[in-house]
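The structures considered in this document are given below.
The following pair of complexes shares a single chain, chain A, combined with chain B in the former and chain C in the latter.
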Partner chain A sequence: MAAAAAGSGTPREEEAPGGEAAATQAQAPTTAPGARLSRLPLARVKALVKADPDVTLAGQEAIFILARAAELFVETIAKDAYCCAQQGKRKTLQRRDLDNAIEAVDEFAFLEGTLD
Partner chain B sequence: MAERPEDLNLPNAVITRIIKEALPDGVNISKEARSAISRAASVFVLYATSCANNFAMKGKRKTLNASDVLSAMEEMEFQRFVTPLKEALEAYRREQKGKKEASEQKKKDKDKKTDSEEQDKSREEDDEDEERLDEEEQNEEEEVDN
Partner chain C sequence: MASSSGNDDDLTIPRAAINKMIKETLPNVRVANDARELVVNCCTEFIHLISSEANEICNKSEKKTISPEHVIQALESLGFGSYISEVKEVLQECKTVALKRRKASSRLENLGIPEEELLRQQQELFAKARQQQAELAQQEWLQMQQAAQQAQLAPEIALETRQETGAVTPGGGEVRLIHVKTSS
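The block that comes next holds the complex of A and B.
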(Lines of atoms letter the chains of each structure in order from A and count residues from 1; the text may use other names and numbers.)
(Lines give C-alpha, C1' and ligand atoms only; values in the text may rest on other atoms or scores of the structure.)
Protein backbone atom coordinates (compact mmCIF):
# COMPACT_ATOMS: atom_id res chain seq x y z
CA MET A 1 0.00 0.00 0.00
CA ALA A 2 1.90 2.99 -1.28
CA ALA A 3 1.10 6.00 0.80
CA ALA A 4 -0.20 8.63 -1.54
CA ALA A 5 2.19 11.53 -1.63
CA ALA A 6 0.67 14.85 -0.82
CA GLY A 7 -0.36 16.84 -3.85
CA SER A 8 -0.58 13.97 -6.26
CA GLY A 9 -3.26 15.53 -8.37
CA THR A 10 -5.63 16.65 -5.65
CA PRO A 11 -5.39 20.42 -5.41
CA ARG A 12 -5.23 21.17 -1.72
CA GLU A 13 -5.50 24.69 -0.53
CA GLU A 14 -2.31 25.03 1.42
CA GLU A 15 -0.05 23.59 -1.28
CA ALA A 16 0.93 26.55 -3.44
CA PRO A 17 3.36 28.85 -1.72
CA GLY A 18 2.02 32.34 -2.03
CA GLY A 19 -0.02 31.40 -5.07
CA GLU A 20 -3.55 31.92 -3.84
CA ALA A 21 -4.72 35.19 -2.48
CA ALA A 22 -8.32 34.23 -1.93
CA ALA A 23 -8.92 34.96 1.71
CA THR A 24 -5.84 36.93 2.66
CA GLN A 25 -7.05 40.36 1.67
CA ALA A 26 -5.16 42.98 3.57
CA GLN A 27 -2.45 40.72 4.94
CA ALA A 28 1.09 40.98 3.72
CA PRO A 29 1.83 38.40 1.02
CA THR A 30 3.75 35.78 2.96
CA THR A 31 5.21 32.85 1.10
CA ALA A 32 5.62 30.67 4.15
CA PRO A 33 3.43 27.57 3.91
CA GLY A 34 0.53 27.46 6.36
CA ALA A 35 0.95 31.14 7.09
CA ARG A 36 -2.78 31.65 7.36
CA LEU A 37 -2.81 31.50 11.11
CA SER A 38 -5.40 34.23 11.20
CA ARG A 39 -7.64 35.37 8.42
CA LEU A 40 -8.55 38.72 9.86
CA PRO A 41 -6.12 41.45 8.91
CA LEU A 42 -3.99 42.33 11.90
CA ALA A 43 -3.86 45.98 10.88
CA ARG A 44 -7.60 46.38 11.35
CA VAL A 45 -7.56 44.58 14.67
CA LYS A 46 -4.73 46.85 15.74
CA ALA A 47 -6.82 49.88 14.75
CA LEU A 48 -9.61 48.65 17.02
CA VAL A 49 -7.21 48.12 19.89
CA LYS A 50 -5.75 51.57 19.49
CA ALA A 51 -9.24 53.05 19.57
CA ASP A 52 -9.28 52.36 23.30
CA PRO A 53 -8.00 55.50 25.01
CA ASP A 54 -6.71 53.54 27.98
CA VAL A 55 -4.46 51.34 25.92
CA THR A 56 -0.90 52.54 25.59
CA LEU A 57 0.75 49.79 23.59
CA ALA A 58 -0.14 46.33 22.43
CA GLY A 59 2.36 43.67 21.53
CA GLN A 60 2.21 41.86 18.21
CA GLU A 61 1.28 38.61 19.89
CA ALA A 62 -1.59 40.26 21.68
CA ILE A 63 -2.94 41.62 18.39
CA PHE A 64 -2.63 38.23 16.80
CA ILE A 65 -4.47 36.48 19.62
CA LEU A 66 -7.22 39.06 19.54
CA ALA A 67 -7.63 38.49 15.82
CA ARG A 68 -7.82 34.75 16.34
CA ALA A 69 -10.22 35.16 19.24
CA ALA A 70 -12.46 37.34 17.10
CA GLU A 71 -12.55 34.59 14.49
CA LEU A 72 -13.50 32.03 17.11
CA PHE A 73 -16.13 34.41 18.35
CA VAL A 74 -17.63 34.80 14.87
CA GLU A 75 -17.76 31.03 14.47
CA THR A 76 -19.34 30.61 17.87
CA ILE A 77 -22.03 33.21 17.48
CA ALA A 78 -22.83 32.05 13.94
CA LYS A 79 -23.36 28.52 15.18
CA ASP A 80 -25.47 29.61 18.13
CA ALA A 81 -27.60 31.80 15.90
CA TYR A 82 -27.99 28.90 13.51
CA CYS A 83 -29.52 26.77 16.24
CA CYS A 84 -32.33 29.32 16.45
CA ALA A 85 -32.81 29.34 12.69
CA GLN A 86 -32.89 25.57 12.64
CA GLN A 87 -35.74 25.55 15.12
CA GLY A 88 -37.66 27.73 12.70
CA LYS A 89 -36.73 25.29 9.93
CA ARG A 90 -35.15 28.07 7.93
CA LYS A 91 -31.94 27.80 5.99
CA THR A 92 -31.03 31.44 6.04
CA LEU A 93 -29.70 33.09 9.13
CA GLN A 94 -31.61 36.25 9.91
CA ARG A 95 -30.88 39.18 12.13
CA ARG A 96 -33.47 38.00 14.63
CA ASP A 97 -31.63 34.70 15.06
CA LEU A 98 -28.67 36.69 16.17
CA ASP A 99 -30.73 38.73 18.59
CA ASN A 100 -32.18 35.57 20.05
CA ALA A 101 -28.77 34.05 20.49
CA ILE A 102 -27.52 37.16 22.25
CA GLU A 103 -30.42 37.08 24.65
CA ALA A 104 -30.15 33.38 25.26
CA VAL A 105 -26.44 33.01 25.78
CA ASP A 106 -24.94 34.61 28.88
CA GLU A 107 -21.54 35.09 27.32
CA PHE A 108 -23.05 37.34 24.68
CA ALA A 109 -24.58 39.67 27.21
CA PHE A 110 -21.95 42.30 26.50
CA LEU A 111 -23.42 42.67 23.03
CA GLU A 112 -26.83 43.77 24.19
CA GLY A 113 -27.63 47.22 22.90
CA THR A 114 -24.44 47.49 20.88
CA LEU A 115 -25.59 46.25 17.52
CA ASP A 116 -27.96 49.05 16.68
CA MET B 1 -11.79 60.79 9.68
CA ALA B 2 -13.28 60.74 13.13
CA GLU B 3 -14.91 57.33 13.29
CA ARG B 4 -16.45 55.77 16.32
CA PRO B 5 -14.67 52.62 17.44
CA GLU B 6 -17.73 50.52 16.68
CA ASP B 7 -17.59 51.65 13.09
CA LEU B 8 -14.19 50.12 12.54
CA ASN B 9 -15.50 47.01 10.91
CA LEU B 10 -13.55 43.98 9.90
CA PRO B 11 -13.62 43.09 6.21
CA ASN B 12 -16.97 41.68 5.13
CA ALA B 13 -15.54 39.06 2.84
CA VAL B 14 -13.46 37.51 5.60
CA ILE B 15 -16.33 37.58 8.07
CA THR B 16 -18.62 35.93 5.55
CA ARG B 17 -16.11 33.24 4.89
CA ILE B 18 -15.63 32.47 8.55
CA ILE B 19 -19.38 32.23 9.03
CA LYS B 20 -19.89 29.99 6.03
CA GLU B 21 -17.18 27.64 7.14
CA ALA B 22 -18.68 27.43 10.60
CA LEU B 23 -22.11 26.53 9.31
CA PRO B 24 -23.27 23.44 7.43
CA ASP B 25 -23.33 23.51 3.64
CA GLY B 26 -26.37 25.10 2.10
CA VAL B 27 -27.01 27.47 4.96
CA ASN B 28 -27.14 31.11 3.98
CA ILE B 29 -26.90 34.30 5.89
CA SER B 30 -28.79 37.50 5.32
CA LYS B 31 -26.92 40.73 4.80
CA GLU B 32 -28.31 42.19 8.00
CA ALA B 33 -27.26 39.21 10.03
CA ARG B 34 -23.82 39.24 8.51
CA SER B 35 -23.20 42.87 9.19
CA ALA B 36 -24.54 42.44 12.71
CA ILE B 37 -22.06 39.65 13.30
CA SER B 38 -19.30 41.81 11.89
CA ARG B 39 -20.25 44.55 14.28
CA ALA B 40 -20.41 42.09 17.14
CA ALA B 41 -16.88 40.97 16.32
CA SER B 42 -15.66 44.56 16.53
CA VAL B 43 -17.40 45.03 19.85
CA PHE B 44 -15.88 41.78 21.01
CA VAL B 45 -12.38 43.00 20.18
CA LEU B 46 -12.99 46.30 21.94
CA TYR B 47 -14.37 44.58 25.01
CA ALA B 48 -11.54 42.05 25.08
CA THR B 49 -9.01 44.83 24.69
CA SER B 50 -10.45 46.67 27.62
CA CYS B 51 -10.42 43.55 29.80
CA ALA B 52 -6.90 42.69 28.73
CA ASN B 53 -5.78 46.19 29.49
CA ASN B 54 -7.02 45.83 33.03
CA PHE B 55 -4.78 42.82 33.47
CA ALA B 56 -1.83 44.68 32.02
CA MET B 57 -2.40 47.57 34.38
CA LYS B 58 -2.64 45.18 37.31
CA GLY B 59 0.75 43.86 36.28
CA LYS B 60 1.97 47.45 36.04
CA ARG B 61 2.76 47.02 32.41
CA LYS B 62 2.00 49.45 29.65
CA THR B 63 2.07 46.96 26.83
CA LEU B 64 -0.69 44.43 26.31
CA ASN B 65 0.71 40.97 25.90
CA ALA B 66 -0.68 37.62 24.92
CA SER B 67 -1.33 36.43 28.46
CA ASP B 68 -3.36 39.55 29.18
CA VAL B 69 -5.62 38.63 26.31
CA LEU B 70 -5.91 35.04 27.50
CA SER B 71 -6.81 36.21 30.98
CA ALA B 72 -9.38 38.50 29.42
CA MET B 73 -10.98 35.53 27.65
CA GLU B 74 -11.45 33.76 30.92
CA GLU B 75 -12.81 36.87 32.53
CA MET B 76 -15.31 37.25 29.70
CA GLU B 77 -16.42 33.65 30.20
CA PHE B 78 -14.92 32.47 26.95
CA GLN B 79 -12.75 29.84 28.58
CA ARG B 80 -13.37 27.50 25.69
CA PHE B 81 -11.31 29.81 23.53
CA VAL B 82 -8.28 29.60 25.74
CA THR B 83 -6.93 26.25 24.56
CA PRO B 84 -7.25 26.88 20.81
CA LEU B 85 -5.79 30.32 21.34
CA LYS B 86 -2.80 28.91 23.16
CA GLU B 87 -2.20 26.51 20.31
CA ALA B 88 -2.47 29.29 17.78
CA LEU B 89 -0.03 31.33 19.80
CA GLU B 90 2.51 28.53 19.78
CA ALA B 91 2.22 28.17 16.03
CA TYR B 92 2.48 31.92 15.59
CA ARG B 93 5.61 32.08 17.71
CA ARG B 94 7.21 29.29 15.73
CA GLU B 95 6.39 31.05 12.49
CA GLN B 96 7.75 34.34 13.70
CA LYS B 97 10.92 32.66 14.81
CA GLY B 98 11.25 30.97 11.44
CA LYS B 99 10.72 34.22 9.59
CA LYS B 100 13.29 36.01 11.66
CA GLU B 101 15.90 33.34 11.14
CA ALA B 102 15.15 33.23 7.43
CA SER B 103 15.59 36.95 6.97
CA GLU B 104 18.77 37.01 9.00
CA GLN B 105 20.07 34.14 6.93
CA LYS B 106 19.24 36.03 3.76
CA LYS B 107 21.14 39.07 4.91
CA LYS B 108 24.23 37.08 5.68
CA ASP B 109 24.04 35.26 2.39
CA LYS B 110 23.86 38.49 0.48
CA ASP B 111 26.97 39.72 2.11
CA LYS B 112 28.92 36.56 1.59
CA LYS B 113 27.99 35.24 -1.83
CA THR B 114 27.10 36.69 -5.16
CA ASP B 115 25.12 33.57 -5.98
CA SER B 116 22.41 34.59 -3.58
CA GLU B 117 19.97 35.34 -6.39
CA GLU B 118 20.20 31.83 -7.70
CA GLN B 119 19.62 30.46 -4.25
CA ASP B 120 16.51 32.54 -3.80
CA LYS B 121 15.11 31.24 -7.06
CA SER B 122 15.85 27.69 -6.10
CA ARG B 123 13.98 28.14 -2.83
CA GLU B 124 10.82 28.92 -4.69
CA GLU B 125 11.10 25.91 -6.96
CA ASP B 126 10.69 22.89 -4.78
CA ASP B 127 11.22 20.33 -7.51
CA GLU B 128 14.79 20.07 -8.60
CA ASP B 129 16.82 21.73 -5.97
CA GLU B 130 17.11 19.29 -3.14
CA GLU B 131 20.86 19.40 -3.45
CA ARG B 132 20.98 23.12 -2.99
CA LEU B 133 18.61 22.90 -0.10
CA ASP B 134 21.02 20.47 1.49
CA GLU B 135 23.75 23.02 1.01
CA GLU B 136 21.65 25.63 2.69
CA GLU B 137 21.00 23.35 5.61
CA GLN B 138 24.70 22.83 5.99
CA ASN B 139 25.17 26.55 5.98
CA GLU B 140 22.57 26.90 8.68
CA GLU B 141 24.35 24.36 10.84
CA GLU B 142 27.58 26.25 10.45
CA GLU B 143 25.93 29.41 11.55
CA VAL B 144 24.46 27.77 14.60
CA ASP B 145 27.84 26.45 15.61
CA ASN B 146 29.22 29.94 15.38
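The block that comes next holds the complex of A and C.
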Protein backbone atom coordinates (compact mmCIF):
# COMPACT_ATOMS: atom_id res chain seq x y z
CA MET A 1 0.00 0.00 0.00
CA ALA A 2 1.41 3.39 -0.89
CA ALA A 3 2.06 5.72 1.98
CA ALA A 4 -0.04 8.42 0.42
CA ALA A 5 -2.22 8.87 3.46
CA ALA A 6 -0.56 6.75 6.06
CA GLY A 7 -1.52 7.40 9.62
CA SER A 8 -2.24 11.07 9.56
CA GLY A 9 -5.59 12.26 10.74
CA THR A 10 -5.31 15.63 9.07
CA PRO A 11 -6.86 15.82 5.62
CA ARG A 12 -4.54 16.92 2.86
CA GLU A 13 -6.15 18.93 0.12
CA GLU A 14 -3.76 17.60 -2.48
CA GLU A 15 -4.72 14.03 -1.67
CA ALA A 16 -4.58 11.87 -4.75
CA PRO A 17 -7.41 9.44 -5.11
CA GLY A 18 -6.29 5.87 -4.60
CA GLY A 19 -3.08 5.35 -2.74
CA GLU A 20 -2.54 1.81 -3.96
CA ALA A 21 0.72 1.35 -5.79
CA ALA A 22 -0.86 -0.76 -8.50
CA ALA A 23 0.71 -0.15 -11.87
CA THR A 24 -2.50 0.67 -13.62
CA GLN A 25 -3.73 3.27 -11.24
CA ALA A 26 -3.04 6.71 -12.55
CA GLN A 27 -3.28 9.93 -10.60
CA ALA A 28 -6.04 11.23 -12.80
CA PRO A 29 -9.47 10.11 -11.71
CA THR A 30 -11.40 8.05 -14.15
CA THR A 31 -15.11 7.66 -14.02
CA ALA A 32 -15.37 4.44 -15.97
CA PRO A 33 -17.99 2.20 -14.43
CA GLY A 34 -16.40 -0.29 -12.11
CA ALA A 35 -13.10 1.56 -12.43
CA ARG A 36 -10.63 0.11 -10.05
CA LEU A 37 -9.42 3.52 -9.13
CA SER A 38 -11.15 4.22 -5.87
CA ARG A 39 -11.83 7.78 -4.88
CA LEU A 40 -10.75 6.83 -1.43
CA PRO A 41 -7.12 6.48 -0.51
CA LEU A 42 -6.67 2.78 0.08
CA ALA A 43 -3.96 3.21 2.66
CA ARG A 44 -6.37 5.21 4.77
CA VAL A 45 -9.14 2.66 4.37
CA LYS A 46 -6.72 -0.02 5.48
CA ALA A 47 -5.68 2.06 8.46
CA LEU A 48 -9.30 2.47 9.46
CA VAL A 49 -9.93 -1.25 9.22
CA LYS A 50 -6.88 -2.02 11.32
CA ALA A 51 -7.90 0.52 13.93
CA ASP A 52 -10.36 -2.10 15.09
CA PRO A 53 -8.52 -4.06 17.77
CA ASP A 54 -10.36 -7.24 16.87
CA VAL A 55 -9.17 -7.20 13.31
CA THR A 56 -5.97 -9.08 12.75
CA LEU A 57 -5.52 -9.25 9.01
CA ALA A 58 -7.40 -7.91 6.04
CA GLY A 59 -6.52 -8.92 2.51
CA GLN A 60 -5.76 -6.35 -0.14
CA GLU A 61 -8.74 -7.24 -2.29
CA ALA A 62 -11.02 -7.01 0.71
CA ILE A 63 -9.77 -3.46 1.27
CA PHE A 64 -10.42 -2.63 -2.37
CA ILE A 65 -14.00 -3.69 -2.28
CA LEU A 66 -14.60 -2.12 1.08
CA ALA A 67 -13.35 1.16 -0.35
CA ARG A 68 -15.70 0.80 -3.27
CA ALA A 69 -18.58 0.01 -0.93
CA ALA A 70 -17.79 3.14 1.07
CA GLU A 71 -17.86 5.16 -2.12
CA LEU A 72 -21.26 3.76 -2.98
CA PHE A 73 -22.39 4.57 0.53
CA VAL A 74 -21.33 8.19 0.19
CA GLU A 75 -23.06 8.47 -3.17
CA THR A 76 -26.22 6.94 -1.79
CA ILE A 77 -26.46 9.03 1.33
CA ALA A 78 -25.64 12.19 -0.60
CA LYS A 79 -28.40 11.51 -3.09
CA ASP A 80 -30.87 10.66 -0.35
CA ALA A 81 -30.01 13.82 1.52
CA TYR A 82 -30.39 15.82 -1.65
CA CYS A 83 -33.92 14.53 -2.07
CA CYS A 84 -34.69 15.89 1.39
CA ALA A 85 -33.24 19.26 0.44
CA GLN A 86 -35.35 19.36 -2.69
CA GLN A 87 -38.45 18.55 -0.67
CA GLY A 88 -37.61 21.49 1.52
CA LYS A 89 -37.24 23.52 -1.68
CA ARG A 90 -33.65 24.31 -0.92
CA LYS A 91 -30.74 24.24 -3.28
CA THR A 92 -28.09 23.86 -0.66
CA LEU A 93 -27.59 20.54 1.04
CA GLN A 94 -27.53 21.03 4.74
CA ARG A 95 -26.74 18.92 7.71
CA ARG A 96 -30.35 18.40 8.59
CA ASP A 97 -30.91 16.81 5.19
CA LEU A 98 -28.39 14.19 6.11
CA ASP A 99 -30.02 13.74 9.48
CA ASN A 100 -33.35 13.19 7.78
CA ALA A 101 -31.89 10.73 5.35
CA ILE A 102 -30.31 8.81 8.20
CA GLU A 103 -33.60 8.62 10.00
CA ALA A 104 -35.53 7.62 6.92
CA VAL A 105 -33.38 4.71 5.84
CA ASP A 106 -33.23 1.61 8.02
CA GLU A 107 -29.75 0.64 6.94
CA PHE A 108 -28.45 3.99 8.11
CA ALA A 109 -29.60 3.39 11.65
CA PHE A 110 -26.03 2.70 12.68
CA LEU A 111 -25.33 6.35 12.01
CA GLU A 112 -27.77 7.67 14.49
CA GLY A 113 -25.83 9.56 17.06
CA THR A 114 -22.88 10.17 14.78
CA LEU A 115 -21.85 13.49 16.06
CA ASP A 116 -19.51 15.97 14.52
CA MET B 1 1.91 15.73 7.70
CA ALA B 2 2.54 13.30 10.51
CA SER B 3 0.99 14.23 13.80
CA SER B 4 2.98 13.12 16.78
CA SER B 5 -0.14 12.59 18.86
CA GLY B 6 -1.80 10.56 16.12
CA ASN B 7 -4.56 8.57 17.68
CA ASP B 8 -5.91 5.72 15.63
CA ASP B 9 -9.43 6.65 16.58
CA ASP B 10 -9.11 10.08 15.05
CA LEU B 11 -8.63 8.62 11.63
CA THR B 12 -11.09 9.59 8.97
CA ILE B 13 -11.25 9.55 5.24
CA PRO B 14 -9.66 12.75 3.96
CA ARG B 15 -12.10 15.56 3.45
CA ALA B 16 -10.88 16.23 -0.09
CA ALA B 17 -11.75 12.72 -1.21
CA ILE B 18 -15.25 13.04 0.18
CA ASN B 19 -15.67 16.45 -1.40
CA LYS B 20 -14.71 15.05 -4.73
CA MET B 21 -17.21 12.22 -4.44
CA ILE B 22 -19.99 14.56 -3.40
CA LYS B 23 -19.17 16.81 -6.31
CA GLU B 24 -19.34 13.96 -8.75
CA THR B 25 -22.56 12.62 -7.31
CA LEU B 26 -24.27 15.99 -7.03
CA PRO B 27 -22.70 18.31 -9.53
CA ASN B 28 -23.84 21.92 -9.25
CA VAL B 29 -25.26 21.40 -5.79
CA ARG B 30 -24.09 23.52 -2.92
CA VAL B 31 -23.29 21.59 0.17
CA ALA B 32 -22.92 23.17 3.57
CA ASN B 33 -19.65 22.61 5.33
CA ASP B 34 -21.10 20.94 8.36
CA ALA B 35 -22.98 18.60 6.05
CA ARG B 36 -19.69 17.62 4.43
CA GLU B 37 -18.16 17.06 7.81
CA LEU B 38 -20.99 14.73 8.68
CA VAL B 39 -20.51 12.77 5.47
CA VAL B 40 -16.86 12.29 6.31
CA ASN B 41 -17.78 10.91 9.70
CA CYS B 42 -20.55 8.72 8.32
CA CYS B 43 -18.17 7.26 5.80
CA THR B 44 -15.72 6.43 8.53
CA GLU B 45 -18.48 4.83 10.58
CA PHE B 46 -19.55 2.82 7.59
CA ILE B 47 -16.08 1.41 7.13
CA HIS B 48 -15.89 0.49 10.79
CA LEU B 49 -19.31 -1.13 10.61
CA ILE B 50 -18.57 -3.28 7.58
CA SER B 51 -15.09 -4.25 8.62
CA SER B 52 -16.29 -5.20 12.06
CA GLU B 53 -19.01 -7.41 10.64
CA ALA B 54 -16.63 -8.84 8.05
CA ASN B 55 -14.19 -9.61 10.82
CA GLU B 56 -16.80 -11.57 12.72
CA ILE B 57 -17.72 -13.50 9.62
CA CYS B 58 -14.04 -14.14 9.06
CA ASN B 59 -13.54 -15.47 12.56
CA LYS B 60 -16.47 -17.81 12.15
CA SER B 61 -15.01 -19.11 8.95
CA GLU B 62 -11.81 -20.04 10.77
CA LYS B 63 -9.78 -18.01 8.33
CA LYS B 64 -7.21 -15.57 9.57
CA THR B 65 -7.51 -12.94 6.87
CA ILE B 66 -10.59 -10.98 5.94
CA SER B 67 -11.38 -11.89 2.37
CA PRO B 68 -13.53 -10.13 -0.21
CA GLU B 69 -16.11 -12.81 0.34
CA HIS B 70 -16.35 -11.86 3.99
CA VAL B 71 -16.87 -8.23 3.07
CA ILE B 72 -19.59 -9.18 0.63
CA GLN B 73 -21.37 -11.25 3.21
CA ALA B 74 -21.08 -8.40 5.67
CA LEU B 75 -22.67 -6.01 3.18
CA GLU B 76 -25.50 -8.46 2.67
CA SER B 77 -26.19 -9.03 6.31
CA LEU B 78 -26.14 -5.31 7.13
CA GLY B 79 -28.64 -4.41 4.45
CA PHE B 80 -26.26 -3.14 1.80
CA GLY B 81 -26.84 -6.00 -0.56
CA SER B 82 -27.56 -3.53 -3.34
CA TYR B 83 -23.88 -2.60 -3.37
CA ILE B 84 -22.78 -6.12 -4.01
CA SER B 85 -23.00 -6.26 -7.79
CA GLU B 86 -20.88 -3.14 -8.25
CA VAL B 87 -18.47 -4.24 -5.61
CA LYS B 88 -18.01 -7.52 -7.43
CA GLU B 89 -16.95 -5.59 -10.52
CA VAL B 90 -14.04 -4.21 -8.56
CA LEU B 91 -13.09 -7.71 -7.59
CA GLN B 92 -13.15 -8.78 -11.21
CA GLU B 93 -10.86 -5.94 -12.18
CA CYS B 94 -8.49 -6.80 -9.38
CA LYS B 95 -8.11 -10.28 -10.70
CA THR B 96 -7.73 -9.12 -14.29
CA VAL B 97 -5.04 -6.62 -13.39
CA ALA B 98 -3.21 -9.11 -11.21
CA LEU B 99 -3.26 -11.59 -14.06
CA LYS B 100 -1.98 -9.02 -16.54
CA ARG B 101 0.81 -8.04 -14.23
CA ARG B 102 1.91 -11.61 -13.80
CA LYS B 103 1.81 -12.18 -17.53
CA ALA B 104 3.72 -8.99 -18.23
CA SER B 105 6.54 -9.80 -15.85
CA SER B 106 6.96 -13.30 -17.23
CA ARG B 107 6.83 -11.98 -20.77
CA LEU B 108 9.67 -9.61 -20.05
CA GLU B 109 11.82 -12.30 -18.52
CA ASN B 110 11.24 -14.64 -21.44
CA LEU B 111 11.95 -12.19 -24.23
CA GLY B 112 14.28 -14.82 -25.61
CA ILE B 113 16.98 -12.40 -26.56
CA PRO B 114 20.11 -12.77 -24.51
CA GLU B 115 21.64 -9.68 -23.03
CA GLU B 116 24.77 -9.61 -25.22
CA GLU B 117 22.62 -9.63 -28.31
CA LEU B 118 20.50 -6.76 -26.97
CA LEU B 119 23.70 -4.84 -26.27
CA ARG B 120 24.93 -5.44 -29.76
CA GLN B 121 21.68 -4.21 -31.25
CA GLN B 122 21.91 -1.12 -29.12
CA GLN B 123 25.40 -0.35 -30.37
CA GLU B 124 24.19 -0.76 -33.92
CA LEU B 125 21.41 1.69 -33.38
CA PHE B 126 23.79 4.21 -31.87
CA ALA B 127 26.19 3.88 -34.78
CA LYS B 128 23.41 4.36 -37.25
CA ALA B 129 22.17 7.42 -35.46
CA ARG B 130 25.65 8.94 -35.40
CA GLN B 131 26.04 8.32 -39.09
CA GLN B 132 22.74 9.99 -39.87
CA GLN B 133 23.73 12.97 -37.76
CA ALA B 134 27.01 13.28 -39.60
CA GLU B 135 25.35 13.11 -42.97
CA LEU B 136 22.84 15.72 -41.96
CA ALA B 137 25.55 18.05 -40.79
CA GLN B 138 27.44 17.50 -44.01
CA GLN B 139 24.38 18.40 -46.06
CA GLU B 140 23.75 21.56 -44.13
CA TRP B 141 27.38 22.60 -44.58
CA LEU B 142 27.16 22.04 -48.32
CA GLN B 143 23.94 24.04 -48.54
CA MET B 144 25.53 26.92 -46.71
CA GLN B 145 28.51 26.86 -49.02
CA GLN B 146 26.25 26.93 -52.02
CA ALA B 147 24.30 29.81 -50.60
CA ALA B 148 27.57 31.65 -49.97
CA GLN B 149 28.67 31.13 -53.55
CA GLN B 150 25.38 32.38 -54.89
CA ALA B 151 25.62 35.41 -52.72
CA GLN B 152 29.00 36.24 -54.19
CA LEU B 153 27.66 35.93 -57.71
CA ALA B 154 24.63 38.09 -57.06
CA PRO B 155 25.48 40.67 -54.46
CA GLU B 156 22.37 42.75 -55.09
CA ILE B 157 20.18 39.90 -54.04
CA ALA B 158 22.35 39.39 -51.01
CA LEU B 159 21.98 43.07 -50.20
CA GLU B 160 18.21 42.92 -50.51
CA THR B 161 18.05 39.91 -48.32
CA ARG B 162 20.19 41.57 -45.74
CA GLN B 163 18.02 44.62 -45.72
CA GLU B 164 14.86 42.58 -45.49
CA THR B 165 15.86 40.27 -42.82
CA GLY B 166 18.66 42.15 -41.27
CA ALA B 167 20.45 38.87 -41.16
CA VAL B 168 24.08 38.42 -41.76
CA THR B 169 24.47 36.57 -45.05
CA PRO B 170 27.34 34.34 -45.91
CA GLY B 171 29.91 35.91 -48.15
CA GLY B 172 28.95 39.36 -47.02
CA GLY B 173 29.70 38.89 -43.41
CA GLU B 174 30.55 36.16 -41.05
CA VAL B 175 29.84 32.60 -41.83
CA ARG B 176 28.15 30.88 -38.98
CA LEU B 177 29.55 27.50 -38.43
CA ILE B 178 27.09 25.00 -37.10
CA HIS B 179 29.20 22.82 -34.97
CA VAL B 180 27.90 19.30 -34.87
CA LYS B 181 29.42 16.88 -32.46
CA THR B 182 30.34 13.70 -34.19
CA SER B 183 31.79 11.32 -31.69
CA SER B 184 33.53 8.42 -33.19
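Convention: the second predicted complex is superposed on the first by the 79 of 116 C-alpha atoms of A that agree within 3 Å, B and C clash if a C-alpha of one lies under 4 Å from a C-alpha of the other, contacts with A are read in each partner's own complex, and residues count from 1 in each chain.
One rule holds in what follows: a contact is a pair of C-beta atoms (placed from the backbone, for glycine too) under 8 Å apart; a residue touches a chain by one contact, two chains touch by 3 or more.
Bear in mind that the values here come from a model prediction, so they are computed numbers and not experimental data.
Once the two complexes are laid over each other on the shared chain, residue contacts for A:Asp106 go to chain B and to chain C alike. Judged by the touch definition given at the top, the superposed model places A:Ala47 against both chain B and chain C.
In the superposed model, A:Ala58 makes contact with both chain B and chain C.
Judged by the touch definition given at the top, the superposed model places A:Asp97 against both chain B and chain C.
In the three-chain superposition model, chain A touches both chain B and chain C at residues 17, 23, 31, 34-35, 38-41, 44-45, 47-49, 51-52, 54-59, 61-62, 64-66, 68-75, 77-79, 81-82, 85, 91-95, 97-98, 102, 106-107, 110-111, 114-115.
Contacts from chain A toward chain C in the complex involve residues 5, 7-15, 17, 22-24, 29, 31, 33-36, 38-41, 44-45, 47-52, 54-59, 61-62, 64-66, 68-75, 77-79, 81-82, 85, 91-95, 97-98, 102, 106-107, 110-111, 114-116. Interface residues of chain B facing chain A in the complex, by the touch rule stated above, are 5-6, 8, 10-11, 13-15, 17-19, 21-24, 26-30, 32-33, 36-37, 39-50, 52-53, 57, 62-66, 68-70, 73, 76-78, 81, 84-85, 88-89, 91-93, 95-96, 98-99, 124, 126.
Of all residues in chain C, those touching chain A in their complex are 1-3, 6-18, 20-22, 24-26, 29-32, 34-35, 37-39, 41-52, 54-55, 64-68, 70-72, 75, 78-80, 83, 86-94, 97, 100-101.
Contact residues on chain A toward chain B in their complex (touch as defined above): 17, 23, 25-26, 30-32, 34-35, 37-41, 44-45, 47-49, 51-52, 54-62, 64-66, 68-79, 81-82, 85, 91-95, 97-98, 102, 106-108, 110-111, 114-115.
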